[in-house]
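In the two assemblies presented below, subunit A is common to both, partnered first by subunit B and then by subunit C.
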Partner chain A sequence: MQKFLTKRAIASGISLMILVVLVFFLSRLTGDPTDLYLPIDASLEARENFREIHGLNDPLIVQFGRYLGDLVTLDFGDSIRKSRPALEVVLEAFKWTLALALITIALVSFAAIVLGSLAAFNVGGVFDRIATFFSLIGASAPDFWIAIVAIVLFSVNLGWLPTSGTGTVWHWVLPIAVLFIRPFGLILQVVRGSMITALSSAYVKTARAKGVKPRPVIFVHGLRNGMLPVVTVIGDQAAGMLNGAVVVESIFGFPGVGKLMIDSILQRDFTVVLAAIMVTAFAIFLMNILIDIAYAVLDPRIRY
Partner chain B sequence: MRHTTARLMGGVAALVLAAPAWAEGEITIALNEELELVEPCMASQSNIGRVILQNISETLTELDPTNGQLKPRLAESWEEVDADTWRFKLRSGVTFSDGSAFDAADVKHSMERTVSTTISCEIGAKFFGGMKIDVAVVDDTTVEITSDPAQPILPLLMSTLTIVPSETPVEFVQTPVGTGPYVLAEWNAGQNIILTAREGYWGEAPQVTKATYVFRSDDAVRAAMVGTGEADIVPLINQNDATNPATDFSYPNSETTYLRVDNMTAPLNDIRVRKALNLAIDRDAFLGTLIPADATKAVQMVVPTTLGSNPDLQPWPFDPDQAKALVEEARAAGVPVDTEIEMVCRIGNFPNVTEVCEALQQMFADVGLNVKLTMVEVAEWVQLYSKPFAEDRGPRMVMAMHDNNRGDPVFSMYFKYACEGLQSGLCDADLDKMIADATAATGDARGPAWQPVFKKVHEDLVADVFLFHMVGFSRVAEKLDFVPTIATNSELQLAQIKFK
Partner chain C sequence: MTDTSPLPVTPATAEKGRLRRFAGMLLADKPALVAAIFLLVVLLCAVFGPMLLDAVATKQNLRARNAPPFDPSLGWMAFLGADALGRPLLPRIIVAAQNTMMIAAGAVLASMAIGSCLGLIAGYSRGRWAQIIPRLADVIMSFPSLLLAVIVLYMLEPSAANIILVLAITRIPVYLRTARAEVLEIRERMFVQAARVMGASDARIVFRHILPVVLPTLLTIATLDFAFVMLAESSLSFLGIGIQAPEVTWGLMVSQGRPYLTSAWWLSFWPGLAIILTTLSLNLLSNWMRVALDPQQSWRLEIGGKKNG
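== the complex of A and B ==
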């Protein structure tokens, strides 16, 4: 296992370095950020001074060398917009995205596994119809529409929930509910399909013939063998959430990394863009390791 | 089962009761974007100004934008010593929120810090660029400020300079200290900023004792927060959300929308073509449809409450027949009127900007002009709007929304119409002299000096296509006694907010 982890770490490290180089140079192709930070009437002297303060006058290769040197000490530089360390800015935002993503994916996984398994046990039954309904909703309704409709219904008309913000546990209900729908629909179908295969296998038929009750048939014998593809899809969806849910963050006022990234790209806040990509990439790397470990736990035949 | 239900209901009740109950004197303000900084020398940015300006940090003088009058604030009086020097008498008995006394040394340091090249202050770049300013301390309550070149509007410029203690480092601060009635109590990045009223303020104690600023980028959500009780003031709502006359106010926001015309490139260098552009537009058709009904047709770069605005100028009429005739006349004279003219508009510049530009393009086509619309994002727009212009450029018009909330044309006219002006599309020696003379005019002569400048731009040169003086919309909870004004575009003085 240690050898496996070391190999993965080295491979991921190489990928991260390539990403750093690509993003550093590609982001600077978008142009000079000076015009975005100074008033339109700022003099040429003021613009030159701004470039000097932020090291934008140096040749690109010099800027890159300086950046690499600072990276060794995990110094990603200062945000041009916020005049604070870029890493600090990103980690502040990332904690919100991480919390949203972890809670949502946990709820999605639990609900999808339970409902998908019940749907597979009795194809065409009540649970199967409910599963199909949610899958269709998840695939067809856009996030921003669901979010606005939810706010109009639950906040403005019924007054049950706040419109936005992060203050209390009630503030998290709508954002999580909106984020929940699409991955739930997808994972539900994956669980259903995987479980139909598992539940039609010979050993399950034998268990049912021997009179084993439905619950252990589904959740002990069938589920463990049907989980591998499900774990893969859960991991993929979690990775997407870790990149930040821009729509949910913008509408509900969650200061997450998705909105931070979009704003930083538009404002050419290069240091924050790079720091956000690095932090997110590292988080996804850790998550992939966890998924690989999950494979080994679920299937004893898989060993690293 | 009963125990479980009871526990569940108790938990719900606890969570509901844990929701904050707003105390007397507390308000919540929903801004459209998060503040990147709380640095006083950046207070010329709208949202930073709404938090900092005259709440935490004060200025020597204060402009009343509704009538253009300059009022005392930290300076009690001022007088012109000579052409390039003004003496300001400072208010005594004023303290900063850290307890230190306000005196002349603080004014000197605030100016030096704002124009320093060590940091990039927006106030310095916007209002004090291109001049050398020296602040001399005469005594603890007197300063003499000398400028080169001479600035007849120096007292007005001092309404932009936020005053900080002389101990403030020359770097952006995270905890601003000022003489204002409030202190920054909390700054939770990404979530909120909380200001609380402080003891020892030199002026009248405000009714608002605590203000919480939250940030919501979605227009509909922001507007809905007042109705649900989550916010009390939303300084900026979308026109489409301004549906409740009890809570929604429109106010002139000191912005003027116009098309900057490149007067140097054919066919736009022909005055007949520029007249045709103006005559082709049915400005009335926009009002109440794509542009708010309360907006007004513009005839000059500044709003009518600005010193020196010319009340005799009239908007161009909608006369497509005359426009066509002018185009044909130009064509007959050899002007290449069929050349494609690029009209550049900025994405998100103002609500319905895309539709407005599409409508303008069609109106120009209807009179025989070949106009191509290009929508660009802000960074590219800045490159096209400001000099240096590309040498090989074709004929171009750029849609812009210019903000002058400082009450004097000097903040607009040089940049937009002088030969060396950064956004100027023309070069006229007579106009340059008129702008220079008006800039140097003082006292009662200043207003009359600017009026002919506006006339020359609008009627004699027909330099640009003026469209509208815009309005903004705010929503204010009914419990508050507060009416947004033109100042709301750039500041929100909590001390002016009362409870009914």
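== the complex of A and C ==
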């Protein structure tokens, strides 16, 4: 297990390094932050001063070396926009995204597993067809479109829910609902397919023949063995939540890491962008480890 | 004198027979048939739309600003309403199909070609490349694709070529992993061994013997991925870092209608519906392909679709 973990950590570290180098140099190509933060008529002296403070005067390679040096001591630099440590800014936003993603993925997993298993129990039945149809639509829907249609319908016309921001529980309903739809469709399809295989296996038939009731057969005998591919997809979708979060957060004005990243790129706040990338990648790394552990728990034959 | 001997099976007749078989299988699956027809219409719009309707789609008519749909007084071109500059929506959606389809097709073709080749090499060779190439996929997969695209497109300029490039790179691992996994299993099979014993070169074995077996799976994934890439491009255009006006895609049209959401819902609704119907069709067709291209399952469609209704 330990050897496996080290190997994974090294692989993730390398890919993260490549990403950081790429973004560090590419982002410097977009232009000088000085133009953005100082007034147009700022004196040359003031500009020089601003560059000196934020270390923008040195050659790029020196800047990068210094950045790496600071990184070793977990110093991610300061945000130009907010004059605060970049890591602090990112972690603050990350809390919101994490909460949003966790709640959504928990709801999605529960709903998709229950409904998918029931659909698989009676393939071709009415319930199966309805579930398949809606999961297909869900998997095909552009989330930004669902989001704005939902705003028109529930916030503007019916006035039930707030359009954007945070504050009350009601502010969470629409973002979660919009994030819910696409992963729900995909996971439901996988649960259904995997459960059809599991439920047609010999031990399930034996259990049925012994007189075990349908529900325990589905959720105890079948589910545990049909879960492995499902866990993979749930993991993929959980990482993909961050994709959806970019769109959903910017539409609903949700102060998460997706919105922060877009704002920071627009404002050429490079340190925050880099910190956000690293925090996100680290979170995904942790989640992949969790998924591997879940494999081993579900299937005792898997060892690392 | 008539020739009563059975027709010789030339490659041409075999090809014809296979086409007829697929046509029959498509007829057996009604949702897939409807999806295929719809996609054909979209394709025709994408190819011929801009040629025929470009002038109508860009003509501004300030008296028809945000004209509501289903109003016969403005002619059938404005059947779906008009946008904030009075440009009729229906021709605009048809014209926008070209950019939307072109970007998605470009990205899918590029990522499929590159990803499959890398996957074939990684799966077939036993040398150093077999170790390095899968790591490449891990690097790309280690970060959410849309976030990556957002970052890169902010830094490069958002042009169609750059969007295709970014989307293609983020989708390479999908094909790479699938092709590699399949090749790992296929290369141990008897017919590959036989080809090797007969002295076929590595390139011949990979492209003549292994690729045809892997291709149906890759095509099925590509169909599904086309939908994914289309949604990704739409999201990027919606966020304002995809295609830039005056060029137009469905995603951009949704975003252009957003300021008028409360007063003129149709501006965003129709292009969004176009996206949803196209991706839905692609998903249905991909489901059909998964069965039709699998020799062990295609009987389900060949028995006339009575059993699976």
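Note that the second predicted complex is superposed on the first by the 293 of 304 C-alpha atoms of A that agree within 3 Å, B and C clash if a C-alpha of one lies under 4 Å from a C-alpha of the other, contacts with A are read in each partner's own complex, and residues count from 1 in each chain.
Basically, a residue touches a chain if its C-beta (ideal position, glycine included) is under 8 Å from a C-beta of that chain, and two chains touch if they have at least 3 such contacts.
Keep in mind the model is a prediction, meaning the values are calculated, not measured.
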item: Partners on subunit A (subunit B, subunit C) - clash or fit; value: fit
item: Partner chain(s) touched by A:12 [first = subunit B, second = subunit C, both, neither]; value: second
item: Spatial angle subunit C-subunit A-subunit B, Cα centroids [nearest 10 degrees]; value: 90
item: Which superposed partner A:148 touches (first subunit B, second subunit C, both, neither); value: both
item: Touched partner set for A:280, first subunit B, second subunit C, both or neither; value: second
item: First, second, both or neither for A:156, with subunit B first and subunit C second; value: both
item: Contacts of A:46 with subunit B and subunit C, given as first, second, both or neither; value: first
item: Subunit B versus subunit C as contact partner of A:239, first or second or both or neither; value: second
item: Which of subunit B and subunit C A:124 touches, first, second, both or neither; value: second
item: Partner chain(s) touched by A:248 [first = subunit B, second = subunit C, both, neither]; value: neither
item: First (subunit B), second (subunit C), both or neither touched by A:20; value: neither
item: Minimum distance between Cα atoms of subunit B and subunit C in the superposition (Å); value: 5
item: Overlap of subunit C and subunit B interfaces on subunit A (superposed complexes); value: 30, 148, 151-152, 156, 250, 266
item: Complex interface listing, subunit A residues touching subunit B; value: 30-31, 33, 35-43, 45-46, 49-50, 52-53, 81-84, 89, 92-93, 96, 148, 151-152, 155-156, 159, 162-170, 250-253, 255, 259, 266, 268
item: Subunit B residues touching subunit A - in the complex, by the definition given at the top; value: 15, 18-20, 34, 36-37, 39, 44, 117-120, 122, 124-126, 129-130, 171-172, 174, 189-191, 214-218, 220-221, 224-225, 227-228, 230, 377-379, 382-383, 385-386, 411, 415, 422-423
item: Complex contact set, residues of subunit A against subunit C; value: 11-12, 14-16, 18-19, 23, 26-27, 29-30, 124, 136-137, 139-145, 148-149, 151-152, 156, 239-240, 242-244, 246-247, 250, 258, 261-262, 265-266, 273, 277, 280-281, 284-285
item: Residues of subunit C touching subunit A in the complex; value: 135, 138-139, 142-147, 150-152, 154-156, 227, 231, 234-235, 238-239, 251, 254-255, 258, 261-262, 265, 268-269, 272, 275-276, 279-280, 282-284, 308-309
